[in-house]
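Here the chain labels run A, B and C in written order, and each chain numbers its own residues starting at 1.
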Amino acid sequence: MTAPAATGAPRLGGRGRSVRYRLNAWLPVLATCVILVLMLGAGQAVFGDFVSPRLLSSLFDNNPFLIVLAVGMTFVILTGGIDLSVGSVIAFSGLLGAQLFAAGWPAAAVLPLMVLSGTLIGAVVGVMVAFFDIQPFIASLAGMFLARGLAYVTSLKALPIHNDALNWLLGTSWGVGDWTTTPGVLLSLLLVAIAFWVFHYTRFGRTVYAVGGNEQSARLMGLAVTRTVFLVYLISGTCAGIAGVLFASYTQSGNPLAGLGMELQAIAAVVIGGTILTGGSGYVIGSLFGVLVYGLIQISITYMSVDSWWTYIVIGVMLLLFVVFQRAIAARRRR
Amino acid sequence: MIALRILRHRLFWPIVALVLLVAINTLSRPSFLSITIKHGALYGSSIDILRNSSQLMLVALGMTLVIATRGIDLSVGAVLAVAGAVSLTYIEASPEPGSVGTVTVAVALGLLVTLVLGAWNGFLVSVVRIQPIIATLLLMFAGRGIAMLITKGQITTVTSAPYAEFASGVILGLPVAFLIAVVVVAIVGLLVRRTALGVLMEAVGINPEASRLAGVQSRGIIWSVYAISGLLAGMAGILYSSNIMAADANNAGLNIEVDAILAVVIGGTSLAGGKFSIAGTVIGVLIIQTLTTSITFLGIPPAVTPVFKAVVVIVICLMQSRRVRGLLAVRRRPVAPSVPGTAAIDASAAVSK
Amino acid sequence: MPSTVVAELRDITIAFPGVKALDGVDLVLRAGEIHALMGENGAGKSTLIKALTGVYAIDSGTVEVGGRPRRFSGTADAQAAGIATVYQEVNLCTNLSVGENVMLGREVRGRLGIDWSATHRAARTALELLGLQIDTRTSLSSHSIAVQQLIAIARATVLESAVLVLDEPTSSLDRSEVEQLFAVVRRMRDTGVAVLFVTHFLDQVYELCDRITVLRNGRRVGEFPTAELPRRELVSTMLGRELARLEAIEDRALAVGAADSTVPVLRVEDLGRKGVIAGASLELRPGEIVGLAGLLGSGRTELARLLYGADRPDAGHAEVHGRPARLSSPRAALAHRIAFSSEDRRSEGIIPDLSVRENLVLAVQAQRGWARPLSRTQQDAIVERYMTSLGVQPPMPARSSATCRAATSRRCSWAAGSPRIPSSSSWTSPPAASTSVRRRRSSVRSRTSRPAASRCCSSRRSSRRSCASRSASTCCKTGISSPKSSTRRTSTWMTSSP
């Protein structure tokens, strides 16, 4: 690290070095892609007719809300934080929508309010983390309780939702042949694209990376660290609100138990997508692939008609592999 | 002066909270504190709280030790489920489910498996050096899958009188589950405070690098802390399954990690590691259990419990937050946290002149 | 030349618990001038800089920048007011590219967000002004600390500030890099920037600076034009002592090293670690103090850490009392009764929330293992011994070490090493193989040569202090020796082995 010999050279780092740097940074995402392809290949080899337009479409169709959650979670994790409140927000947002629809409110008012309910919880968590220096884990835990509690306060039991606008989101199917998609999926992919742009083409996005890399330095560099950290949780909460809308559309109901443990699925998807939990390294595209891997595991397990608990175990093993992989990369970099 | 010291004692506010909770309960229903004796056993709301708190007590105890070393154990709920699954599956498969021998082997087996799971967490944290949240998250995911694998996804129900004793038995008028928790708390308390383990754990938790340079073998300490946490979660799992006499891989210990962390934090142990208080954790557990009980007791719909917990967490966190403390204490501090060490060195240099 | 005042600090007072770090200090920075801030360690230089750059809030006094009074509530405020800072420790983000680090917060924006090619071009221009040809798309972490320091300076130039604060920027640079830096600083001065330059190297002050402000013990001694303050007077102004007394110390320095007959307590050969130190050898004999010389980044701290096993050596071998020893971890080194006092006491030396007592006995307890706790009596004996021998004041073993004055906690951390070490096994850190150091004698200040537990001390602070009186192109490291609680003062400088 402090090799004195290297300092004298006037020209440092050729073309090869910068290519290698970017390759290194994308390596975890590439690994996720490779795993995705390998899994598809293995499925094809074992089941014969595994890979089909229908399967690929359903990978997206089954999990648009998880994609949206993962996008928000990527923001948080890149700063080195974590947001446990998102799963509960889905329940709160869904039930709020159900109640408002039942009261006869128009969709144009209800849908924004459902999203804002998530923003609100995100703001509470963000204030605690950014302004009061409370550990993200605990602050978002409080957010999780708060959202779940508010969900129960809204309604103690599941409520059906009958609303055309909401149904349209995931109920409409557009497609060519067996390739199908829904407005909700397109919305989630649009969010991924927007997030990618924010991360890589705005100062805010770069500050997110800087904070995750070294918060102390970021502060001394005069970056708006506090504001960035706050906004990150606000974004995550808002994404959770949007995911709540999608989930309500998916289940056509609001349920106080909705989204139970979904924060963990989102975290798992982000980690499998190659984002390092200590922050500062990773790509939102990776999180999308992470969700796809997650979805593929679920589908394969149904396909193999083995018991559903294998999902947990496979995801656990998958996470282990990725975390150890990241450790190895980090250890190599340090040397 | 003495009044100030009592006020400053870190268990002061937790105790006040507990007393307040009990007072509110007693005022709203005077029978809250009354204890009656039926068939040689004590009955009453307070006894119920003690019995029901035993599982959380065991889990929170392990969590205290883990948090003291700057870690966290998210897998306790899943490990708890595994313990119940292992023990009850063994009893179900054995020819004599009712015999004491079978139960002993079943319990030993359950605890052994959870000890191994805890050691696995410890291995990931101390040897592979994965962040504790992540390392234990793995088992939080996979653990429930393992539990379901053992029970084949069924809710295994058994009848075994000796096994049921753990939850429903009574010794000297007190619930066995409570006594187990008390004994374990005492043993662990002695273990960490009568040996140097407690101080070494705190040293590792407060400043891992300085501890390493002082020759503290943090690896072994961290490893054993997670193993202990796994074992204690296993004990809680035995109590849980004994209570319902069924291994429910899905719901056993659901969210208990959250309650346990909460209890530890309420008890005054900082999540940043370091100084820990087992007595504080015990009080924290009692507060949570009393809160849960009193919500039903006071006729509030139990579904609102999370909101109460959220308020408690937020208030406690804000109390611990530097910003709020700064406002209360009106003491100066750097605008931005300084580069670690530099402020201190500046000050020290000025002093040492 | 009548230059305009750009920034003015008046009557600044900053107090930390128990100590006034700054007491009514004034500082005036003028456009087109390079201003040196001088003073011993602890004189308050860093605190003053942090007050100027918004890291610390000031207790009283005023800050004016560009003629307007300011109240900074953070570094961002100070930057917005036109104050750019380069810190001694590189404060950049290693996970980002070189170009991003230079431009972070100042990226060139096009219609679709950040225009990366323009941003990297701007970064490249800034680096080229410093004479650095770097592919700005490479990772920051792939460059050496020295280059990272230059990158940090490039960042400061991009900010186009009115005031540039350089807090010991040269400590990790070699001669040619220093030249590059000075050229840039002069160029910036000529464009009307006010530069505040903090360094320990007197040569550099006289080479670069127009004016000097000297601090001592948190007070301003005075402001002098460089031309009117000869070097010797500057030194005595900084130290607040007569020059004659300082020279007397020089005469007292002893020539040691002839006693080759004894078996070395510690001998290492070709001790090295990949990417850190290329193999160093040294011998330490009973009753010896060895100074270690070298610039920051030369490997002196790193070698001291290798000797203690704080970092694991991957080459060479060591002998303790003539017998082969593996110093693979602090624990192993402690078993050979080698102790260590880190230069970064707060993060490596003490356990803040534990009591002074617990800190003092920690290393002993760690050696015994957790299952054999020291009894209260044993603890008290150790604490008593070290409280008195190290002069810990006030003697309050139950107090949390975090609340102690820093000097006290330093002593605690020293003692916390391994009190049971017999005084004969003393040794200190040797010079690194990579340093080239003139042969020099040095004095060891009496404070460091207290009959303490024998430690390997790689204290940057104490070393700076002892070399402040001489040409600052060399710095030393001192260690303590305590043969049977006599306060024998010996010291030697070792020339570097090639």
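Keep in mind that, in the parts below, a residue touches a chain if its C-beta (ideal position, glycine included) is under 8 Å from a C-beta of that chain, and two chains touch if they have at least 3 such contacts.
A quick note: this is a predicted structure, and the numbers were derived from the prediction, not measured.
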Query - Partner chains shared by chain B and chain C (touch criterion as defined above) - result: A
Report task. With chain centres defined as mean CA positions, report which chain is farthest from chain A. Result -> C
**Report entry** Between chain A and chain C, centroid-to-centroid distance (C-alpha), Å
**Finding:** 43
Report summary line: In whole angstrom, the CA-centroid distance of chain A from chain B equals 30
Query raised in the report: Which residues belonging to chain A are in contact with no fewer than two other chains?
Result: 216, 219-220
Requested in this report: Can you tell me which residues of chain C touch two or more of the remaining chains?
Outcome: 55, 74-75, 87, 91
Query raised in the report: Residues of chain B touching 2+ other chains?
Result: 336, 339-340
Query raised in the report: Which part of chain A faces chain B closely enough to touch in the complex?
Result: 82, 88, 124, 128, 131-135, 137-139, 141-146, 148-150, 152-153, 156, 216, 219-220, 256, 264, 267-268, 271, 277-278, 307-313, 315-317, 319-320, 323-324, 327
Query - Residues of chain C that touch chain A when the two form their complex - result: 55, 74-76, 78-80, 85, 87, 91-98, 100, 104-105, 107, 109, 112-114, 131-135, 137-139, 141-147, 155, 172-174, 176-177, 274-276, 297-299, 302, 434
Query raised in the report: What residues of chain C sit close enough to touch chain B in their complex?
Result: 15-21, 40-44, 46-47, 50, 54-57, 59, 72-75, 87, 89, 91, 217-218, 308, 310, 329-331, 334, 340, 342, 344-354, 358, 362-363, 365-374, 405-407, 409-410, 413, 416-418, 447, 461
Report task. Flag every residue of chain B that touches chain C in the complex, lowest number first. Result -> 194-197, 199-200, 202-203, 206-207, 209-217, 221, 274-275, 331-336, 338-353
Report task. Under the touch definition given earlier, write down the residues of chain A that touch chain C in their complex. Result -> 1-4, 6-8, 10-15, 17-18, 21-22, 24-25, 197, 200-203, 206-207, 209-210, 212-214, 216-224, 280-281, 333, 335
